[in-house]
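Questions regarding the structure given below will be posed in turn.
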Amino acid sequence: MSILHTVNKSPFEKQSLSSCVAHASHGDAVLMIEDAVYGAVSGTAAAAQLEENKNISIYALGPDLNARGLGEAKLAEGVNVVDYNGFVELAVEHDKTQSWL
Amino acid sequence: MNDMADTGEQTIKKFLYVNRKAPYGTIYALESLEVVLIGAAFEQDVSLAFLDDGVFQLMKGQDTADIGVKNFSPTYRALGDFEVTKLFVEKESLEERGLSEDDLMEITYEDEDDDWEEKPSIHLVNRSELAAVMAEQDVILSF
Amino acid sequence: MKFGIVVNEGPYTHQAADTAYQFTKSVLEKGHDVYRVFFYHDGVNVGTRMTVPPQDERHIQRNWSELAEKYDLDMVVCIAAAQRRGIMDENEAKRQGLDGDNIAPGFRISGLGQLIEAGIQSDRLVTFGD
Amino acid sequence: MKFGIVVNEGPYTHQAADTAYQFTKSVLEKGHDVYRVFFYHDGVNVGTRMTVPPQDERHIQRNWSELAEKYDLDMVVCIAAAQRRGIMDENEAKRQGLDGDNIAPGFRISGLGQLIEAGIQSDRLVTFGD
Amino acid sequence: MSILHTVNKSPFEKQSLSSCVAHASHGDAVLMIEDAVYGAVSGTAAAAQLEENKNISIYALGPDLNARGLGEAKLAEGVNVVDYNGFVELAVEHDKTQSWL
Amino acid sequence: MNDMADTGEQTIKKFLYVNRKAPYGTIYALESLEVVLIGAAFEQDVSLAFLDDGVFQLMKGQDTADIGVKNFSPTYRALGDFEVTKLFVEKESLEERGLSEDDLMEITYEDEDDDWEEKPSIHLVNRSELAAVMAEQDVILSF
């Protein structure tokens, strides 16, 4: 019974990514989309919180990273990049999705 | 879909409504409540979660006269009549906001399986308990 | 697998309607089914045919209408949310005594029960919002 | 003192249109002038006459229209923002080949220059948004 | 040349109140409206940040406090309550307003 | 109104556009830029501030092809042609986001008062310097 969590707000603006990670369970996945992909940049307080939590998988949506000028070189370790098809696959692989709006 | 019970033609799923936003500043709390009320007619297994700023929805003493907006907080107290009786409120969210359970409305329901005894609908849970509630759902709706 | 999609924000102001569109397109192109797309909150504003975006920008309503036509999508605009925001089909406009409607092709107006039904009937319900 | 008011969010979804209304009403009742109320971003959605809120809720568009009539307010809806969101007056609808308009009484559609002008001409410019 | 700053988001959800206070200058006023009035509750991290900054005056909009069930007893020290007329007066008294949206 | 210069019929005010939001996730950055462009015709004394998530608007290498949204970042580089030449970017906001000036687009203008020499439009400022910029304005627009 795992959850795909989606977050769409910048962690520097809103606390939804932080709350999401704090509520994710072992085996869950967190996918950052839209402005949440800023949370994938290495060396920030937001990235540190993601790295702390080793029980969940972390994804970021590639099209949103590209739109915002965030190349692979800027990403924190452990962040997996997927496209829209990968987003669909993640939704299929997990039993349900939860949007942290 | 593992936890789904098939009773004849009727599918019963575990629905969780996640409330993370304050009332009045935006409409999400109100329109989420409207979904809960309509959803009650579908006889699913319904729970509500209140965390982050969502705990503010349950504050007692709301008086919206001076902002000219309808006060919809009494509706939470009527949820029991719609057989919506599981309201999980996160302790950590209350504490971070300088609140305790005493600041919340009293919300109860009459338990038809227990001689219509009046019971509290609000269950204070900590963060990891709430995570467990989320994990066991079939459908999670958040607005 | 059967998907339900919920769109909670209007066009252009938030990316939600765009992301939902790209996601829904991928779902369909991968051969999955979409049980229903439900437009709620400001999402109902996606369903007006009166938007005229700049020529070099995407036309969000038209994107959705075309996707609906191609895949025979059921796109439902919540009636309560639509009334608050001025989205009307012909019937509703008449009922409210308004002089015209603005709903776009492929969208229909119905009740919140359609959202619950999507939750019950779909294997996955995915929400896009603010 | 002369005030300019900017409203950046639509009705019901955010409190901004309500707060702006209460503020503007107080400005006027205290005897100050309002040079202009400018509706931008989703704020343009305040200016549709097609909203039908529940009977026990405030009617945001009507509140504004009545305030405009009482105090002869200049209420301007930004044309670029309105086009993206499907708010049209008769002229614009014709120009765009649309079959109807939806602008409410007391609102007029004009360009962004009207916002800058409000900034120049008003002693105070106060913005309400998300 | 003082500024009336307005903030309308809960400090527990968004960082706009925090950013506003960090950019306010001596003699400025900060007015919490709409969901920002939750920032006026005593005993929270948000209130502590407000109390730290002694050079600015702090206001909260009464109608929004009442709507949210926040009585005077819950408010942090130093928070002044105004109504819409008081909001207008603050806008008149300061040279300009800045909305932290 | 103390700093306002009256030059005949023309009032010149100091306008500051405050950008605190990231591009694409919401439309505020784009529609704010549209105001700046239209506003340029009014010959006011214009400055732009980029702080908090607003600094993301200036990131180089933005490529929106895959999200199907128009890339409006080139417009910032054209601001000089509209005589919008003062872009204040807050250092602390960059640092908190793991960024430096090298991550930003190069934005320049040709100084008509200095033999059309090409000069940088972006000025890195720290938080207190930015607060001082805010303090000296006549009109502050933020979206």
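Just so it is clear, A, B, C, D, E and F label the chains in written order, and each chain counts residues from 1 on its own.
Here is the rule we go by: a residue touches a chain if its C-beta (ideal position, glycine included) is under 8 Å from a C-beta of that chain, and two chains touch if they have at least 3 such contacts.
On a predicted model such as this, the values are computed, not experimentally measured, just so you know.
Any chain touching subunit B that also touches subunit C appears here: A, D. Counted as hops between touching chains, the shortest connection from subunit C to subunit E is 2. For the self-contact between subunit C and subunit D, the two sides draw on mostly identical residue numbers; the shared fraction is above half. Subunit D and subunit E have CA centres that are 26 Å apart. Centroids built from CA atoms put subunit E at 30 Å from subunit B. Centroids of subunit C and subunit F (each the mean of its C-alpha atoms) stand 35 Å apart.
Residues of subunit A found to touch two or more other chains are 8, 12-13, 15, 34-35, 63, 96-97, 99, 101.
Multi-chain contact residues of subunit C (touching two or more other chains): 8, 12-13, 15, 19, 22, 41, 57, 80, 84, 125, 127, 129. Contact with two or more other chains is made by residues 1, 24-28, 52, 67, 69, 139-140, 142-143 of subunit B.
A complete list of chain pairs in contact reads A-B, A-C, A-E, A-F, B-C, B-D, B-E, C-D, C-F, D-E, D-F, E-F.
Of all residues in subunit F, only 1-3, 18, 20-21, 28, 51-52, 127, 130-132, 134-140, 142-143 touch subunit E in the complex they form. Listed in rising order, the residues of subunit A touching subunit F in the complex are 8-10, 12-13, 34-35, 38, 41-45, 47, 62-64, 66-71, 74, 83. Remark: subunit D residues 10-13, 41-42, 45, 48-54, 80, 83-88, 93, 96, 98-102 touch subunit C in the complex. Within the complex formed with subunit C, the subunit A residues making contact are 6, 8, 33-35, 63, 84-85, 87-88, 91-92, 96-97, 99, 101. The touching residues of subunit C, counted against subunit B in their complex, run 6, 8, 40-41, 80-81, 84, 111-113, 115-117, 119-121, 123, 125, 127, 129.
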